[in-house]
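So that you can tell them apart, the chains are marked A, B, C and D in the order they are listed, and the count of residues begins at 1 in each.
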Amino acid sequence: MHAPYIARPSTVSVIMLKVLLALLPAIAVSVWFYGIALLVQLSLASATALLAEAAMLRLRGVPVAPFLKDGSALLTAWLLALSMPALGAWWLIVVATLFAIVVGKQLYGGLGNNPFNPAMVGFAVAMVSFPAQMAHWGMPHGPLDSAAQLAWIFSRELPAGLSLDAISMATPLDYLKTQLLLGGSDIASLKQAPMFGHIAGVGSEWVALAYLGGGLFLLQQRVISYQAPLAMLAGLTALAVPLWLWQPAHYVDPLFHLVAGATLLAAFFIVTDPVSGPTSARGKLIFGFGVGLLIYVIRVFGGYPDAAAFAVLLMNIAVPLIDQLTRPPAFGKRKRTKKAGQHA
Amino acid sequence: MSALFRFHGGIHPPEFKALSNGTPIATPPLPARFAVPLSQHLGNPAKACVALGERVLAGQRIGDADGRISAAVHAPTSGVVSAIGPHAVAHPSGLLQDCIVIDSDGLDNWCAPSPLPNWQDAGDDEIRTFLRDMGVVGQGGAVFPTSLKLGVNTLEQLIVNGAECEPFISCDDRLMRERAGEIVDGIRIAAQLMRPRTVLIGIEDNKPEAITAMRAACAGSGFEVVAIPTLYPSGGAKQLIRILTGKKVPHGVRATDMGVQCFNVGTLYSLKRAMMDGEPVISRILTLSGDLARPGNIEARIGTPFAHLLAWAGIQPDSEGVIMGGPMMGFDLPSLEAGVSKASNCLIAKSRALFPPRPPALPCIRCGECASVCPAELQPMDLYWFAKAKDLGRAQEADLFDCIECGACSYVCPSQLPLVDFYKFAKDEIWAAERDKKAADRARMRHDFRQLRLERDKAEKAQRLAARATPAPASSAAPDPDKAAAIRAAMARAAEKKAEDSHAPAKTPLSDDAKRAAIEAAMTRAAANKAARESAVSTAAAPGDEAKRAAIEAAMARAAARKAAQGAAAGAEAGATPVAMPASPSQPKPAIDDAKRAAIEAAMARAAARKAEQGVEVGAASAAMPSQAKPAIDDAKRAAIEAAMARAAAKKAERDAAQKGDN
Amino acid sequence: MSGFLTALAIMAALAILLGAILGFASVRFRVEADPLVDKIDAILPQTQCGQCSFPGCRPYAEAIAGGEADINQCPPGGEDGIRKLAELLGVDFKPFDEGAIEVKPKSVALIDETTCIGCTLCIQACPVDAIVGAAKQMHTIIASECTGCELCLPPCPVDCIQMVPVGTTVANWKWSYPVIPIKAVKA
Amino acid sequence: MEANTDARPWRDIVHNGLWKQNAGVVQLLGLCPVLAVSTSVVNGVSLGLATTLVTTVSGAAVATFRHTIPNEIRNPVFIMLIAALVTCVDLAMNAWMHSLYLVLGIFIPLITTNCIVMARAEAYASRNTVPEAALDGLMMGLGLTGVLGILGGMRELIGRGTLFSGAELVLGDIGHALVLHVVPPAFNYQFLLALLPPGAFFGLALLIAGKNYLDARARKRASLPAATDNETVSA
């Protein structure tokens, strides 16, 4: 044992536990609106993640216990389950989680070494491979009871008289995008559709607010810093506001963007992932802002209804560059261009 | 009260100062044996200046400073030098270093103090030498010789470091509480020497008694005691300078270049003791803390074995090793036999309760906590990454050497990584690589120079050889051209002497022809002798007939000699060309010279031969056979002489005959 | 048919033009100097020991650059040196030939001054002039300049030179690579 | 031929092309077509064979002219040679396998710029005899074809649950009979990721890993003392 001989009793597990804790309100709200389907997905994802992690650790010849206990695999599973449609088939979440853990995390060297956010890798794989399945979003207080939800997830069987359309609906983001593409009327009239609530999706806006609450808890606990979330929301707003002011009939209001879809989940739980994000404060600002911009661009001009995963993955690629460019000068030193400047 | 600044980062570790700061500075009994390290400071170790078995007095200098960056060491008590050599020291490596071991005589007799009373008037050099010889070094941790820090005489701020930010340590705290007056005297000396505009004394606000004591001592002096917020590592010189002045002294820049200098309170205390009391640094205040029955601060003589102090303080049986220094930057003491040095500020007896083992380390998750607490504003996770991958170049680019190894990053690391260990490793590797590279460059230079020298020597030798060879060149036809040439030259010279007409063409005699010529010459000689004898006899007996016969014989001899010379010339003409030719392929240039020389010699020889021909006796030149060179000379000479005698005799005979005829 | 010919003509013209440009460029922009030798030489340890069978480090560097020597002929450089050379030259790492070398700790030569007869043979052998002395005078080695090449050992007629390993001192002691327990465990 | 007396070089060429220096998984040359057209066995093998044809003939051609080509402009000359060959292949496929030609599209002309063709011309054909160069080209091409076929099979199987789909493009109507539906069409199985470019990367990565694993195992076996073999025999 070497100096320092004393250490602050903070561990990776504690950090991960706090993040998991911060997700609980959102889970509770989701279950209230959408039923126990989410709990099923959470359990499936957790079990798959832990098994996959353990198997991969074994294969890599690394001790399994300390890494399973760190909670990072569980967190990945939860984030993934929360971003996927709750009414997705059981194998969908399993495949996505497997990809997240095996390819997104362990193949890169496990905890701390993954350049991409594993949960977003899993989500992107599912989104790209099974676009149809990924559109099965449940409706709040939908027609399926718990048993029916279970049956639907595991055997794709619906109670008599119900069709797929009757139990699922498009997300507001999806709906707006399709309708506008089809040359639909202005935003105001589109917003009359049943899936819209006060600000964004009915029900889902409350889940989003729960994410906000969890995020504030993490900020208060100093588990995350404010730069990345703030910058991400700022980036999103920075594009949303001018376009909305310019053509309010065609571009939905910024507040909708801030609450809809996975915005707040991404802001407080995804872009704040330390492993795949930059480390310096300035780097976090750039990273978050970039994610915000990309989310808006992909949502409004791109091919997918929601964009958090792709935006985050794209910015993940840029992280080493951001880190390199934003490395603050050491104590008492000026910018690192100093040397070059002297010679020039 | 000046405004305070903030340095980036910093941590609030638990303090544990109450363990040791409650009791006054104690003086433990002296041990029987002291081990005084010769290297207690940055720079060259001191050179022992006492002999084995010598009796020393307390305060007597036993090691001289070696060079500019060095300091003297002194005997901590009176006694006998019982050993000078490798001994355990307080170093993390556990390696031995040279120490002077003194067996105490128990009397603790002091030598006469030698203060520098007129220090106000003394020159810089005098003060420096004095401090160096008194062994005054920085007691904050770096043990930099104080003499070298005093060289500046204009300064904006003089910073006095009483921050003492590391947990457990309270030696400066007690020193300030109990000996504030002497510290302030020390500050006065430093201030007079360096003439700062302001003097700021920084003390962390967790030491209110020390602040009060120092404020009281400073009353009326103009020195400002500043209470700074408790934050590790505000006791780092750069950090304290930042807090008090707002200046950031970067790595590689001297604080004095930015108008600041920083001294530890302990240093100023020992400065005062040296200057005003003439007492060299043979003791220092040391905190004994941790798992001890009687923790506290002591005034420990340099060289006191740690085991002695710990036993006195009542080390607990369950303690698991001893930390030298604070818990943030200290190290495990490899041997308790080592003696107190000027750098020893704290001993902490470890126990499982005080220092629970860290949980197992996990990989870095780049949470950035380390960067947020790093007082050097580095990105510790990057440094860790590079050091771990042994990518030393990039570690250096990421300002590895700006790291002050304060341990804050490791303290907060949720992955429990021993970050500082990685930095120390990387730094040492870089130093070693640099040493190796320097050595390799020097070796390369020396090797290249050696090659150059060898080339040069060779060239010079060749030149000398060439110069020596010029006057005595050779025809390579003979086995030893030099010798042959020399002989030939000698022959030519000998022949030349006789030569009267050098213009006439002649031929070089050789081998068979020469032999024949020699024989004929011998025959001529014999004939001439006979003629001379006979003519002499005949002169006496029958002059007329005898003279006539002698004249006839001489004429015959002349004819024979001419004939011999002609035969020799014919052979030489054929042989002369092949003589020079074979030389050309092997040594082109000298060969030409040789050929020329050979030609000249041949010409000379020809001239000689011609002369010989004229004077009957041919043998001289024609006898030049390489195999019989020396005898040939003699023969030629003799032949020449004989020929001359024959000539003379013949002339005489002719004259006599003519006289007779006239008569 | 004329279209075919036109195409052919255009292609031919293009080919000639581009070929000319390329040909010109390859003559005009030829890389002259061979800094590779310097780079290789910088990696070599400069012991000048000749164990590579070349009379010094630079000749070996030149041989490597010229493709006449392999990269695994420098025992003092160790495997680390080979690795650096492999990286520089973009070739595969190649271990020392089996039994070709024994790894020795860094050593310096030491002359037993009571035995030395002052023959100067070692002085002539030392590639870096690290031995001082004169005929009939005792010789000694400048330890700081000795590269440990051992070239002075064979010529000594009285075997008074021996290699002394350079021990670790506080001055050259290195903090070891930290061991993280979790990495040490391997299935 | 003199090489008949020593079979080593020929075996080396074959071994290099098919395994040791495999263009697809070792040299990683020509990644563009490898990643783009390996969506099915048929596509992959077809392009692989087209490439093989080009590498073989171009190798022979370059080797033939290697003494007459000036060093400074060898690359343009090689490119001309290869381009001419590719044009022939392109026209031939357009004429006789038009439907496949439509599927492979731009990647046929792109064989010209396929690094493997150029690389073998430069690195091998320009320094060796005609038969050696031709064999080298053939083997390199076949090695690439193998990788393309396996990769195509993997992606097709995982992505669509079929094998040899599109065989009719090459073989005409009898090709339909060849198509294997590993997952019955009724399941409507699809795993888009495998068919999209990322799937190609994953698949290629797995192939490379597999090749390295086999090599490592072979090395380990070779270096292990005979005792271990005995053990396995007795066990």
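We take it that contacts are C-beta pairs under 8 Å (C-beta built on N, C-alpha and C of every residue); 3 or more make two chains touch, one makes a residue touch a chain.
Quantities reported herein were computed from a predicted structural model and do not represent experimental measurements.
Enquirer: Report the chain whose CA-based centre is farthest from the CA-based centre of chain C.
Expert: Comparing chain centres, A lies farthest from chain C.
Enquirer: Which chain has its C-alpha centre closest to the mean of all protein C-alpha atoms shown?
Expert: Central chain: C.
Enquirer: Mind checking the centre-to-centre distance between chain C and chain D? Centres are C-alpha means, answer in whole Å.
Expert: Whole-Å distance between the two chain centres: 41.
Enquirer: How far is the middle of chain B from the middle of chain C, if each middle is the mean of its Cα atoms, in Å?
Expert: Chain centroid spacing, chain B to chain C, equals 23 Å.
Enquirer: List the centre-to-centre spacing of chain A and chain B in whole Å, with centres computed as mean CA coordinates.
Expert: So the centroids are 65 Å from each other.
Enquirer: Please output the residue numbers of chain B that touch at least 2 other chains, ranges allowed.
Expert: 360, 362, 418, 421, in rising order.
Enquirer: So which stretches of chain C touch two or more other chains?
Expert: In chain C, residues 178, 182 touch at least two other chains, as defined above.
Enquirer: Touching residues of chain C toward chain D in the complex: what are they?
Expert: Within the complex, chain C touches chain D at residues 11, 15, 18-20, 22-23, 26-27.
Enquirer: Which stretch or stretches of chain D touch chain C in the complex?
Expert: Residues 70-73, 75-77, 80.
Enquirer: In the complex formed with chain B, which residues of chain A make contact?
Expert: 1-8, 10-12, 14-15, 66-67, 70, 72, 109-113, 225, 274-275, 277, 279-280, 323, 327-333
Enquirer: Taking the complex as given, what residues does chain C use to touch chain B?
Expert: It is residues 41, 44-48, 56-58, 127-130, 145, 147, 168-170, 172-178, 180-182 of chain C that touch chain B.
Enquirer: Looking at the complex, which residues from chain B come into contact with chain A?
Expert: Per the touch definition, chain B meets chain A at residues 7-8, 11, 13-14, 167, 238, 248-251, 253, 323, 325, 327-332, 350, 355, 357-360, 362-369, 371, 375-379, 381-382, 398-399, 402, 407, 410-416, 418, 420-421.
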